[in-house]
Amino acid sequence: MSTRALEWIIERLLFLCAALSVLTTAGIIIVLAIETVAFLREVPLLDFLTGTEWTPLFANQQFGVLPLVVGTMLVSAIAMAVALPMGLLSAIYLSEYSPSGFRRVVKPVLELLAGVPTVVYGYFALTFVTPLLQQVFPTLSGFNALSPGLVMGLMILPLVSSLSEDAMRAVPQGLREGSYALGATRMQTALKVVVPAAFSGITAAFILAVSRAVGETMIVAIAAGQQPRLTGNPFVPIETMTAYIVQVSLGDTPQGTIEYRTIFAVGMLLFLMTFTLNLISTWLRERFREEYA
Amino acid sequence: MLLSHLRNISFLAVLSVALTACGPSSQDARTSGSGGGSGAKTLVTLDGSSTVFPISEAVAEEFQKANQGTNVTVGISGTGGGFQKFCRGEIDIADASRPVSASEVAACEKAGIQFIELPIAYDGIAIATNPKNAWADKITVAELKTLWAPDAQGKVKTWNQVRKDWPNREIHLFGAGVDSGTYDYFTEAINGKAKASRGDFTSSEDDNVLVQGISNDELALGFLPFAYFEENAAKLKLVPVDDGKADNGEGAILPSPDTIRTGTYQPLSRPVFIYVSTTAAQRQEVQRFIEFYMKNADALVREVNYVGLGPAAYTMVADRFAKRTTGSVFSGVNTVGVTIDQLLAKEAGK
Amino acid sequence: MRKHADLLFQLLSLATLLLALAALGALVYDIVSDGAGRLSWAFLNSYPSRNAENAGVYHALMGSIWVLALTAALALPVGVAAAIYLEEYGTRSRVAKFIELNIANLAAVPSIIYGLLGLGLFVRLMGMGQSVMAGAATLALLALPVVILSTREALRTVPNSIREGSYALGATKWQTIWNQVLPMATPGVLTGLILALSRAIGETAPLITIGALTYIPFAPDSVWSRFTVLPIQIFNWVSRPQADFHTNAAAAILVLLALLLTMNAIAIIVRDRYQRGVRA
């Protein structure tokens, strides 16, 4: 077979694989949309998006989704406050300061943090972290947003650090040497030369991390509680969108009822929220990208 | 440019069709993976409630010891998930912690699946407090209603609001998760309407968390499955319940296997079920499994901290299976306060 | 002054790193103290039981290994291929940008939604049944965005001069990618694979949704076999009232971590070798 034909086939196959992501999204949207549309026929969209009480499983049903959204954002914010700075700092240390032997050992150990099953993290948050925090904050409730937020940050940290570090290591050594030659310290080089040069990879890592936090299920399902409430207080039980989805889909609700359909409505909302988030991030990345030959 | 896209899309289409055609037929998927070794083993599949799971697991384990040629598998997709699979013919037996609902009956009818409803055990709900709690020596159904009614939200916050001579201290409430059959049953029995309750209590789908919460909090009171109390009897204090009716036992009754089975501990005990499809019941291995279930349920159910129905009831249920009586006695029926014997007898007599 | 700032910064970043490691240590210590005593050959070789002393993890361990291997086999080639297309062939067209956005978004979808998709598509529509294959396909979809994103980043780090040199010598596009670009990008690709599989190995909810079982007294014997995985068994044991089952759960977690370590070790050895070779 001629090389041209072979090249053509290969290009088609590669395209197929890339297009698979589109098919997946289409599949997800179809699965979610069918039930969401049925849901919205019974609950007005405005009530759903702006209502402040979420009680579909109680006899007095209210379908305002805001408590779940706020719960998700609260836990994610705490997780990001842990993962982003700690991940980036760890990455800088591993890439710019550490001896290579140290890095060879520590990097895989850190990646282990990413591999602990989320169920384990959930129970760790509930049975170890919460009691520990309760000694510092006596008013902390048994279920709260702080504990799973911190543990989630820990879980996401390797994502940020490994990917950021890979991006920073790929920055040509010449750039660093130029900076040192001008008399800069390692800190100045790291912060003013390497990080900006690796910005694309670092933002990719950050976006992945935030996405992961928002979509995380088991840690919050186990440790954050099941009381949807509209609050910014991390010390009380709340419920996130994902925890709610798990609670209902693995529970005793019969399928085809409006309670069951709430899973899909909440899932659809989650999907659209992260879509918007990524749209913004992509725009940001394009604006600040630097390229090296 | 457009041509290139068109070519890509048609390639995609051809591939998707090809992929859909591959994969085993649903028949293969059902019987394959039945374990290694020579000769295919037969397979009995169960799925559904995580409450009924320990019972089905115990029966499956013992059954397989006695019948080496059959494998039994059990899933925990939840009662709703189990029924969905059941009404699509994907599993033989559905584990259910509540009776089949009207919509599920309709779904099964539409798919041409007929089911045989078999109650298999009682699950009691215990009211528990912290062992250090010295004042709550009993509680009435009316008091429970005061505490848990929807109107109590934000209002009933102290012990003495429930009973005057209890201390004027905060009460911390714990209860089963709101998507569980336990919660549905508790609210129906106490508040008269399923799922109607206050919302400001600590709820969890994992009952171990409730045990931990109550045993760490002096001011706690909660409801949880009796099975979880039994395993943690040292950490919790059981509160007897008075339902105000003298004919099924005077005064406040403590839950125990006896009181739950004989119907003295009311209204907080409920039946749990398995549902078998008539199609599955045509297979020998399924028949043998159900017959084994009925014969050994009383003993095995006790081993996993649930309460058996009693020999008489099991005979009636086994009879129901033998006659392949389809349809549900319990769907939509308020089973609060009625014993299985009474209900099954009513069904047999009708 | 600057030297002080530099030293402080170095200490700060090291402290952060050590704090993360300490937290991991606390977690592992907590589990080991609970579960190490329960680990034994019998535990690894037994099937589930209602008696905690008799119950073991053989079925779940085998299930996890089967699912993981299959997920890697599906996600790696597809993910790398997709990334290659987007990075090397795709123009800066709207279609390519759209696909990019898509992938980033998919990374955020909660895993249980993938479970719902897998149930409708793989289990029912494509007739795979509640099999290892359906589970692996679902997890592969879950893993894909991470693999694609990190592969793209890895491909970006390969300097254009390498590509140009290859073209100058008369190689075709694919030959350039296969022989020059991809080997240089392999370390980054493997990082992405490790992170993606690490997540897949711990997933519970989507697999329960597609029909992975909780009680199954046999190990998978083919990709069409029913199955269960370690996280599901752990989840089940932890929610039982008997304290002995909690010990079992801790031991099972240790088995899972060991599996994870093995998988990581293999990938790291390969990554190391590529990194050394390339840097030389």
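Going by the order they are written in, the chains are A, B and C; count residues from 1 in each one.
The definition used in the following text is that a residue touches a chain if its C-beta (ideal position, glycine included) is under 8 Å from a C-beta of that chain, and two chains touch if they have at least 3 such contacts.
All of these numbers come straight from a predicted model, not from anything done at the bench.
S.K.: Trace the shortest sequence of touching chains from chain A to chain C and report its length in steps.
M.R.: Step count on the best path from chain A to chain C: 1.
S.K.: What chain is the most remote from chain A, judged by the mean position of CA atoms in each chain?
M.R.: B
S.K.: What is the distance in Å between the mean C-alpha positions of chain A and chain C?
M.R.: Inter-chain centre distance comes to 16 Å.
S.K.: Approximately how many whole Å separate the CA-defined centres of chain A and chain B?
M.R.: The separation of the two C-alpha centroids amounts to 34 Å.
S.K.: Specify, in ascending order, the residues of chain A that touch 2 or more different other chains.
M.R.: 15-16, 19, 249-250
S.K.: Quick one: which residues in chain B touch 2 or more of the other chains?
M.R.: 50, 76-77, 81, 206
S.K.: Spell out, as numbers or ranges, the residues of chain C touching 2 or more other chains.
M.R.: 208-209, 238
S.K.: Which bits of chain C are touching chain B when the two form their complex?
M.R.: Listed in rising order, the residues of chain C that touch chain B are 48-50, 95, 125-133, 208-209, 211-222, 224-227, 236, 238-243.
S.K.: For a test of understanding, state which residues of chain B touch chain C in their complex under the given definition.
M.R.: 5, 19-20, 22-26, 28-30, 32-36, 47, 50, 53-54, 56-58, 60-61, 64, 71-77, 81, 85, 90, 206-208, 211, 227-228, 230-232, 303-305
S.K.: Touching residues of chain A toward chain B in the complex: what are they?
M.R.: Going through chain A, the ones touching chain B are 12, 15-16, 19, 23, 55, 57-60, 126-127, 141-143, 222, 225-227, 237, 247-257, 260.
S.K.: Across the complex, what residues on chain B touch chain A?
M.R.: By the definition above, chain B touches chain A via 7-8, 11-12, 15, 49-50, 76-81, 83-84, 97-98, 101, 103-104, 107, 150, 177-181, 184, 187, 193-197, 199-200, 202-206, 209, 212-213, 216.
S.K.: Within their complex, state which residues of chain A touch chain C.
M.R.: For chain A paired with chain C, touching residues are 3, 6-7, 10-11, 13-22, 24-25, 27-28, 31-32, 85-86, 89-90, 92-94, 97, 104, 106, 108-121, 123-124, 128, 154, 157-159, 161-163, 166-167, 170, 172, 185-188, 190, 200-201, 204, 207-208, 210-212, 214-218, 241-242, 245-246, 249-250, 263, 267, 270-271, 274-275, 277-279, 281-282, 292-293.
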